[in-house]
Structure formats: structure tokens, C-alpha cells
Amino acid sequence: MNKIKAGIVGATGYAGVELLRLLISHPNVDVVGLSSVSFEGQSIDQVYPNLHSWCSDVLTSPEEFIPQCDVVFASLPHGLSEPLAKQCLEAGAVFIDLGADFRLNDKEEYAYWYKKEYTDMTLHEKSAYCIPELHRDRIKDVPIIGNPGCYPTSIALGITPAIKAGIIDTTHIIIDSKSGVTGAGRGLKQNTHYPEANEAFSAYAAGNHRHTPEIEQTLSEIAGSKVSVTFVPHLLPVNRGIESTIYTKLTSDVSVADVRKIYTDAYENERFVRVLPDGEYANIRNVKFSNFCDISIHMDSRTNTLIISSAIDNMVKGAAGQAIQNMNIRFALGEDIGLIIPPPAF
Amino acid sequence: MNKIKAGIVGATGYAGVELLRLLISHPNVDVVGLSSVSFEGQSIDQVYPNLHSWCSDVLTSPEEFIPQCDVVFASLPHGLSEPLAKQCLEAGAVFIDLGADFRLNDKEEYAYWYKKEYTDMTLHEKSAYCIPELHRDRIKDVPIIGNPGCYPTSIALGITPAIKAGIIDTTHIIIDSKSGVTGAGRGLKQNTHYPEANEAFSAYAAGNHRHTPEIEQTLSEIAGSKVSVTFVPHLLPVNRGIESTIYTKLTSDVSVADVRKIYTDAYENERFVRVLPDGEYANIRNVKFSNFCDISIHMDSRTNTLIISSAIDNMVKGAAGQAIQNMNIRFALGEDIGLIIPPPAF
Amino acid sequence: MNKIKAGIVGATGYAGVELLRLLISHPNVDVVGLSSVSFEGQSIDQVYPNLHSWCSDVLTSPEEFIPQCDVVFASLPHGLSEPLAKQCLEAGAVFIDLGADFRLNDKEEYAYWYKKEYTDMTLHEKSAYCIPELHRDRIKDVPIIGNPGCYPTSIALGITPAIKAGIIDTTHIIIDSKSGVTGAGRGLKQNTHYPEANEAFSAYAAGNHRHTPEIEQTLSEIAGSKVSVTFVPHLLPVNRGIESTIYTKLTSDVSVADVRKIYTDAYENERFVRVLPDGEYANIRNVKFSNFCDISIHMDSRTNTLIISSAIDNMVKGAAGQAIQNMNIRFALGEDIGLIIPPPAF
Amino acid sequence: MNKIKAGIVGATGYAGVELLRLLISHPNVDVVGLSSVSFEGQSIDQVYPNLHSWCSDVLTSPEEFIPQCDVVFASLPHGLSEPLAKQCLEAGAVFIDLGADFRLNDKEEYAYWYKKEYTDMTLHEKSAYCIPELHRDRIKDVPIIGNPGCYPTSIALGITPAIKAGIIDTTHIIIDSKSGVTGAGRGLKQNTHYPEANEAFSAYAAGNHRHTPEIEQTLSEIAGSKVSVTFVPHLLPVNRGIESTIYTKLTSDVSVADVRKIYTDAYENERFVRVLPDGEYANIRNVKFSNFCDISIHMDSRTNTLIISSAIDNMVKGAAGQAIQNMNIRFALGEDIGLIIPPPAF
């Protein structure tokens, strides 16, 4: 079989370079182009010396490689993807957007949260948002795939089985998430300067993070009714990983073992979701560098509260790995190809 | 004035040695005795070389110094404090317990959560639990002081003004706390081994941590009715600091500015509580090595949820600093003496 | 081709579990047995939950799997490998020792530094110590392979080209090395307890670390005369990685570009050594999780000193990865099979 | 006694804000002015929220407070101090420069290393460079004090007694130093962005760091002859602390105990230098947040090499603390006033 020709727009961002790392090891992919506005003309391994001897492609502009591509990944600030999607559509390349521009179906939600407008709704009509474990059937033919956000991935995988089983109150769910610093990207900011992020911890964007509508969109679809969440992210002094602790009210008389059974059944055939046994807690340590989502289930019977802890690597299952999983589905490859990576113990 | 003669039982534990560090700088205290079961016979600076040139007292047993003491601090595993308290009572020394044995009023709660029994209720009747900002009047004369737990301190200070103002539903409060690794103590365990705690993050004891009844006891007293909480602690890869994010349902139509005003008023005269201005988040970085509790106030109007973030140094306001604050109150000293420490920026 | 059947003795140590992680992804290997004294009877993924869904083999004793093995890896404290080597020899399995018992040729050196005696010299005569880039020809047929120590690997690769080129004084070389905490193993110790290793840094074993004779043995062979080194290791607050800064006196009039050329030529055909271009420094960040050794070359012309910085992942090129590289050589596989891992950027 | 009126130029840099933290607790000092180019018009606690309730002075320009000051501290990039020094001289204020402009006596050395020129030599003639333990007598009357660099402080204190005792070869000393990230300042750079500094380690400026001439100047004065050093700094993933490992050739037949005695005698009356007992290693952990320099002494008898490890807090003894120590000397206060801080254990 011919290899899939792939290009990466925004290759020097953290999600972009992580995608490159994974695609280098993907047996069915050839990377044929890398672009970067900031580093155009330099080779990628000048910017990222970890890539010496792996890739010394020169960073160029998207126009130069889109025509040769079967698939184009973009990892850009929001508001920049529509023209790229259009170019890909015209060139016959599948476009997988790791940014936010093809995640929200409702253009008013997008306008409200992102302070920008969708300018070409036909593009959005041809796109699908896809967390593979929930939506893989949607993307078998679409030309544009909205790759999910990192927080929403950990959260949707963590709550979905409970919603589907009808055991929780979906009118209000509390979600307390913590993300490693790569989630804030490669751009320099004071709060991610080493001496200010190290030995530090705080919430941010409490109740108004842009991932909120994406979480509610996914959960509402599953519930078949409007789900509201209170979502508070925190900045965690580690490089990689998101842990989300989710608090929901039980509406049924179920034991923690019953709930664990619901989850185990729900994810029985999923290679990338691991429902942990009794006594274990989801820990970002155990999913780092891999495409797994680990889920542990706990109960506070005193208050009838179901507590779900969900952990992913924000850069893999929360970004680059999931994009490859989506590509695999779209190109009818085995879903785990290029992602068969046992997470390291430390 | 004569200096207060102080002894520390359990001086080589993390709370013990932090207490020693602070007492060394306290202008009204002389440390006259240090005990340690594990290191008896060694000098404290052999165990903690940071103390070279500050203190080379030999570690001994409590019996040797209690008779000379005006105040004895103990930082021991639960179940060991009653006999010490009795000895101090007989010797006329104030006993300040940094452990858990004098925190819960209800002996059945203690038995349920700690799997041990109070053996001498008269001791407990002579004791008082004290978070100074809430209970300072209780301890002006008591011979035994139950020093609060670290999580309960951050949480009680974070919620109390909202409860007192009657603006929140107290039937169920969700508390998501994160603690630095010193909270787990000096004892060696696999999950606090550097390579397993570093670049890691997970919940533990979800819904069943022993600080739960202490939190509920304090909040219920304030509310005048039974308050239930769901409390989930997490282990944070930093040395020091606790951040608690508290989720409560608003029952009144108040703005975030109204709530901030309630808090600012409530803590107006408190040296160690800082209610942060609009736009700032409580961060453990800003309270480290100090006795402060920083509180920031946020609102998710979409779901009518009040979100409080509270940050302390678990070793200072959560343990040794608060013990000294309690000692200062008990001995009628200025409450901030020995604790006038601007937190470092990094 | 039939797969190589491999067993791991000491599979729950850090080097053991890292070896397992890498062997799981090795296309030519089947892991047929894992042993552990401490966890016998448990499954490996109970001890290391990162391995859920990858390996749930029960930990057993070496006797149970050695008879089926083509190769047995052991990662044990020194002094325990000889009887295992003998068993393997009798069973016809290649024995690769990640411990220290087959590294030193001179039994007196071993006795002096390790305070134990070789008890069966015939085993040692049948063994070979092998850093593949320096000694690969030695192990094509040997039944017992002494896998190098982590520090000596970074150092030997860092100095060898300069010695071979005859440009430095070999009578005294100064080596200042820094190792991540996994180098100290999984066993709990006070100095690797998170709060005591974090935000800390110090030397240890200055001038008397047990890797010293191994370093001198390798360098002396290359020089053809006795090389002496002063070696001071330090404990670095990271999980993985060793950086060695090596100071040598130049004896020839060469420029830094000349020296870089010597190194580039020396490692021209080596997949796992990267000589960095002018302006870059070897950084453990760029080799983590991979089998690379990055080498950067610097000069202090004012003092005629050649400074070499060499960085590896102590757990991969410094232990498990190099063991697999040695296995690949011994079994006539491509040397990089199972080790084709681009290091992550972060 | 009247308090000393102090101003800080560059108060929002890391050394500046650390100085402010320490001066707030200094019983003989009133801070009367803070300046910052970047944040002029804001209050200091807006920039550094750790200072809430301690200091909310508005950042202004130096001109506004120099006339009221008894002492002015400046912490600025090199090349900016001369005009400030002049202003202070004219205003009758002592000027203490934490930057590099008054450290080197030789204007050619300054020009060579800093690529700038001294423009007013009379200022330099009125200034003195002072590591208090070595040069305190020099500054009793001078109007301008050059506060030492962080690396040179750790190194000069570490080597001086050996040079004075005449036991080492001073023609070439090897110094391998490691500094926490605050040493790189508050300014944002890619290599100090959290995800790139965390779990990373490398050398930088090998053999050409600007602290080299300062080190050689101090040591040469002590030796009475030109001392050459090879100095290689490394960036250490911690917030605070410098450890320098110093390698020198012994020229006398002395034991490690003899050398320790030389050091203990040399620093007998020094409050801020602690020569560690046999078996201990200088660790940045034990000096953090304090003005101490811990020194441990080791020997590699096999190669006749004396190894000194020296640890300081780069922000205290390496910058702000030492500046206060110099101020105390200059104003005839007790040298340790405001610096009586037991370092924390963690």
C-alpha cells in the first residue's frame, strides 16, 4: 500500500512537534511538509534538537505542500483554520484541525466563546468533531475533522458511560481539571516561566474556559438534553498530563462495583481506554507519552456522589495521538497503528 | 518578660522540624527539649543539616523535658497523644497537639474514622480545637489545644464567610484539594518516592479521607445545621502548599463583587487571611513559607455556582505556623509574633 | 523467523521494568518470564499500573523460565549474578547482566570496590563487557554479556574519540556527572524521598563511586596505558537522564572544529551517537526515553582545556536500551531493532 | 537610631524583589522607593502578589527617591549603573550595585567580557568589590560597592582557604557549577520556559561565562599570582541554589581531615559559612532562603585531587542577602542583621 502523505501546519508548536514525533514512527505515513510562521526557512531539528537524525526538513509554508498531501494536520491559534480547510478541500486532502475552529457546531457558541465568527458555514457542514470512542462512525467520509480539545477528551470519556446508563443527574456536573504546562503551549508567558510555574499551583479561567461549550456539546448530545457543567482548570507543575476529577449526583441506587461494571462494559473493546480496578486511582504518571485514557471510579456514599477520575496525556490522547487515531479511522487503517506505545513507568 | 519554655515531641517529623525552624526565630520562646523515637541520642542537626549552627540539641524523650516546659507541642501519629496530654496537664504545661487526637469532639466520629477510641474523655473536655480566625476565644484558658489539620484549615477559611452570610446551600459542598508532598510526612512510601511522585498527579482517599469529619464539624457549627461535604484530596508534585477549590450552589442573587465584599469584611482584621482582588487566583506560590491563607472568589453564573479557591502552606498555616499562632493566643502574645514572614516570590 | 524468548530477572526494579517496556515493542522478542523476589505471585501490572493492557504476567522465580529462554536479562544488586549466569550457561541461554558482576575484568578491582569476591572465574572468562559502539565485536559469540553502567556509558562515549586521536593528556581526566533519581533505583531512601530530592542538588560518593574502575578499565584499554580519572557524581532532581561534563588537557594544537570533526568521523556510522553542531549543548531533555548519546564539544582556549558534555537517558542507553542493543548484536539482528524511538521534545 | 532609608532600582527583577522581601524584615531599614522601567506606575504587589499586605508601594523612577535615600541598591543589566552611581554619589547615598558594572577592577577585562566600556573611571576608583568574608575591611567608607556575582561567591568562598594555606596548584582550577533557574532572571526565554527547563539539564557558556574574570580576579588577589580557572555553568531545574564542584591538584601531603581543619579555622568566626562535617555533602536544599554558604571537603587520593563542594542560595548569599550583608558592614550594623534566617528543611 502506498503511504499516506501528511503535512503539518504549525509544526513548531507543541502539538505540532508531538504529532511529528508520532508520525515519524507511523508505518503508513510519510511526512511531506512542515510549516511554521515563526521559523520558516530553518530546519525542524534546529528548532527541536531532539529530532537530530530523525528529521531535518526545512520549515516552509502550507501552500508548498498541501497539493501533495493526502492529509493535512493544523495546530494553530483559533480563527486561522477556515482558509486552510478550504485549500485542503480543493486539493482533495483530508484536513484534521487540532485547533478550535471545527469543534463547535453552533456558530453562536463559537462567536460567544471565541469572539470570532465562522465565515464559511459550508466548511463546517462538511466537517465532523470526533472523539473516536464516541463518534468514530461520523468521520469515515468527511473531508474535515475537528480534533477535540484536551480537557474535553478526558472529561467526555470520563462521564459518558454514566450518562448513557442514566444513573446520574445531568443538570449540573462539577469538573475540576488539572493540566501540565505543555497545555499552555510553546509561547512564552510569565506564568509558565520556570520559576513561576515550578512549586506553584492555582486555578485559572474558573467557570469561563473556552473548552466549556465543547464539553457541554458532547455531553448534551449523549444525554439527549442540555447538560450544564461547572468547569475549573488548574495549571499543574508537570510537563504532560491532564487529570479531571468529576463530581456527579447519583440518581439510581447503584454500588461502586455496579458503576465500574458499566464502565468496563462500555469500554470493553476500546484499546485506548483503561477502566482501573478497585483500589487504583487514575494517575497521569501511567498514561504519559501514550494514547491512553485511564479512568477510576469512586463513590462518596455519604453524599450519594459518584466521583470519576480521568487521566490522559494532554499532548497525545489530548492532541496529537488522537489526531492520528482520527486519521487512522478516516483512512480505514487499524485504529491503533502508530499508537502502540506502552507508557513508561517513570 | 521571661521566655516561654517550649518542647517538641516528634521533632524529626516534617511538622516538628518546621515548628522548630519557626520557634528558633520566635522572640518570646526558648526551645528546651526535642524528642524523637527514631533518632533519640542524635543531635537534631545530624538529622536535618539545614539546622547546622542553629540548633544541635540532642533528641531525647518527652519525659526529660516536659517538667521544664510552659508549652509542649506534639506531632505524632494519631492515637499517641492522650498520655502526653495527661503528663502535660499534670506538669502544668499547655499541650498543643498537631496530630488528630484532639480535633474531633464526637468520640464516635473519632472511632469511626480513626479506628481507635478516646480513652480519657476528661482530657477531651478540657481541650479545644482552634482555627484562630474562627475560634480564638475558645483557647484563652484551655490546657489542651487541638491544632487543626491542613486541609480543614484551607477549607474552613475558604467557606466560612459564605456560610455565615447565608448565601450558599450547605447541604452539599464539593471540595477538590491538592496538597504538596510534605503533607504525606517524612516516612518513606512508594508513592512519595521521587521518581513516582515527580511528573505524576492523582487523587487519593476520594470520599473517605480522615479530614472529612473535621471539615464537617467546623462547617456545621458555623452553619448551625449539619453540613455535608464531598472531599477529594490529590497529591501535588511540589514540596509545600495546599490549594482547595470549593464548589457551592448560591442560594441568593449576589454578584461576585458582593461575595468578595462579604469576604473582605469578614477578614478585615485578620493578619493571615488575604482576600485577593478581582482577576487574581489563589496560588500556593504566593503563600509558601508563610502563615497566610490566600482566598480568591469566582463565579460560574451560567450554573449559579460560587467557586472559592483557598491556598495555604500546609506546613505553616496548615501545621506549625498555626500551632504557634495558637500558642501566641494562649499565652496572650501578639498573634503574629514569630510569624511575621513575607512569603518569597519564588 | 522464530522470536527470541526472553526472561527478566529482577523485573520490578527500575531497569527491569524499563527493559520490559522496550521488549514489549521489540518485534523479534517474546517475553516468557518475569521474576521478582519482592512481588512474587503478583502480576507485573499490579506493581506497575502503566502496564495495564500490555502485560499481566505473574512474577515468578528465575528457575521457572530460564529453561525456556534464549536470553535472560538480570538486573540485580551486585553479588547475585554468578549463580544465574551459571544456570543460563547450562540451559543454553545467553545471559545479559545489567548489574555490576560482569563489568570488571580484574577480580582484585572487583573485590576492592564491591567488597565481594568472584567465586567462579570460568564464568568471567566466558563473559564480555560491551558498550556496542566500542566493543561490539567482542560479543558475537559470548554466552555472558556484562552490560555497562550508566555513568561509564556516557563517559566512555564522550572521551573515546579524543583518546584515540591522541589529542589529550590521559594521565588525569576530571569528570563531573549528574544523574536523575531513577539511577538510585526503586528502593526507598531518605535522600530520594520526594521532598528531600526535589529542589535539592548535591554531589555524592566524590572520588569513590563504584563506577570509577569501570570507567578507568574502558579508557585504559583504549589509551593503551593507565588512565586515571577523578569522578564525582551528583543527584539531579529529574526522573531520567545523565549529563557528564568532562575536562581534559589538550596536548595538541587543535581547534574546536578540528575536535568536532574527529568526533563526527568517529561516530559517523553510529545510529545512537549524535555529535552536536557548534552552538548546541548536550541536554538530557533531548535524549530522554531514547537510546541516544548526545555529545557536545567545547573548548576553553584560555586554559587549553577540552570540555566534552555527554548526555544519555540513564534508563535506556544507560541500562535497558543498551542491553537490548547488546542482545540485538548477539543474536545478529539489526542493532537498532526495538530501539527506533525518536526522543520527545518535552 | 534612625532607620536607614533604602531605595531599590530594578525592584521587579528577581534580585530586586528578593532584596525587598529581605529588607521588609530588616529592623533597621525603611524602604522609601522602588523603581521599575517595565512596571512604572503599578504597585509592587500587583506585579508580585506574594507581597500583598506587605508592600503596595507604587513603582516609580530612581530620580524620585534617590534624594531621600541613605543607600540605593540597583539590580540592572550591565552597562546601566554608572549614571546611577554618579547620582547617588552626588546625593550622598551609598550605592550598592548588584549588577556587573563595579565588579571588575581592570577596565580592559570589563571591555573584553562585557563588550562595553567604563565611561567614568573616577567612579570605579571610589568603588570596592566585596565578598564580606574576604574583603569586609575595604568597604567601611566607600560610596560605591560592587556586589559579587552568584557563581563567584560560591566559588571564592569554596577555594580561598586552600589557596591561602598554599596546598593547591593555582595555575589551573576546574569549576563545574550548577544554578537554579532564578539565576537567569525574570525575563522570558525559551530555555527557561517551564516545559523546556523542567526534566532538562545542560551546560551553557562553557569556558566563556562572564563570571570567569571575576572569579580569577578574586582568586589571583588571594594567591598573589595569576590564577586561571576553567569554569562551566549548568542550568539546574530548581528555583534557587548554586552548587559548585571545584577540582584542584594538591601540592602538599595533607589528609582530608587536615584540609577540613584549615577550612574550619578559616571560617571559625564567620556566621554565614558552614564547613560541613565528614560524611556530609553541600546541598542547595540546606541553604535555600538563607545567607549561608555550605562547604564540604572531599579528596580523591588516587589522583591527589582536592574536591570542594560549595552551595549557596543564588538569590540570597548570591545576590540580595549579600547586598544586605554589605550594607550592614557599610553602615556599621551587626553583619547578620536582617539575615538571621534558619534555612527550612524542605
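Lettered A, B, C and D in written order, each chain numbered from 1.
As a working rule, contacts are C-beta pairs under 8 Å (C-beta built on N, C-alpha and C of every residue); 3 or more make two chains touch, one makes a residue touch a chain.
These numbers come from a predicted model, not from an experiment.
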**Request:** Decide which interface, A-B or B-D, involves more C-beta pairs in contact, and give its chain pair.
**Result:** A-B
**Prompt:** By mean C-alpha coordinates, which chain is most distant from chain D?
**Reply:** A
**Complete:** Between chain B and chain C, the Cα-mean centres are separated in Å by 46
**Message:** Between chain A and chain B, what distance separates the C-alpha centroids? Give it in angstrom.
**Reply:** 39
**Complete:** dist(centroid_CA(chain B), centroid_CA(chain D)) in Å evaluates to 36
**Message:** For chain D, give me the residues that contact two or more of the other chains.
**Reply:** 14, 182, 195, 198-199, 237-240, 283, 285, 346
**Message:** Help me check something: in the complex, which residues belonging to chain D touch chain A?
**Reply:** 14, 180-182, 186, 188-190, 192-195, 197-199, 237-239
**Complete:** The answer for chain C against chain D in the complex is residues 172, 174, 176, 178, 195-196, 198-204, 206-208, 228-230, 232, 234, 236-241, 243, 245, 247, 281-285, 288, 296, 298-303, 305, 307, 309, 311, 346
**Item:** chain D contact footprint on chain B (complex, rising order)
**Value:** 14, 17-18, 21, 24-25, 48-55, 182, 199, 239-240, 271, 274, 276, 280, 283, 285-287, 289, 292, 294, 315, 340-346
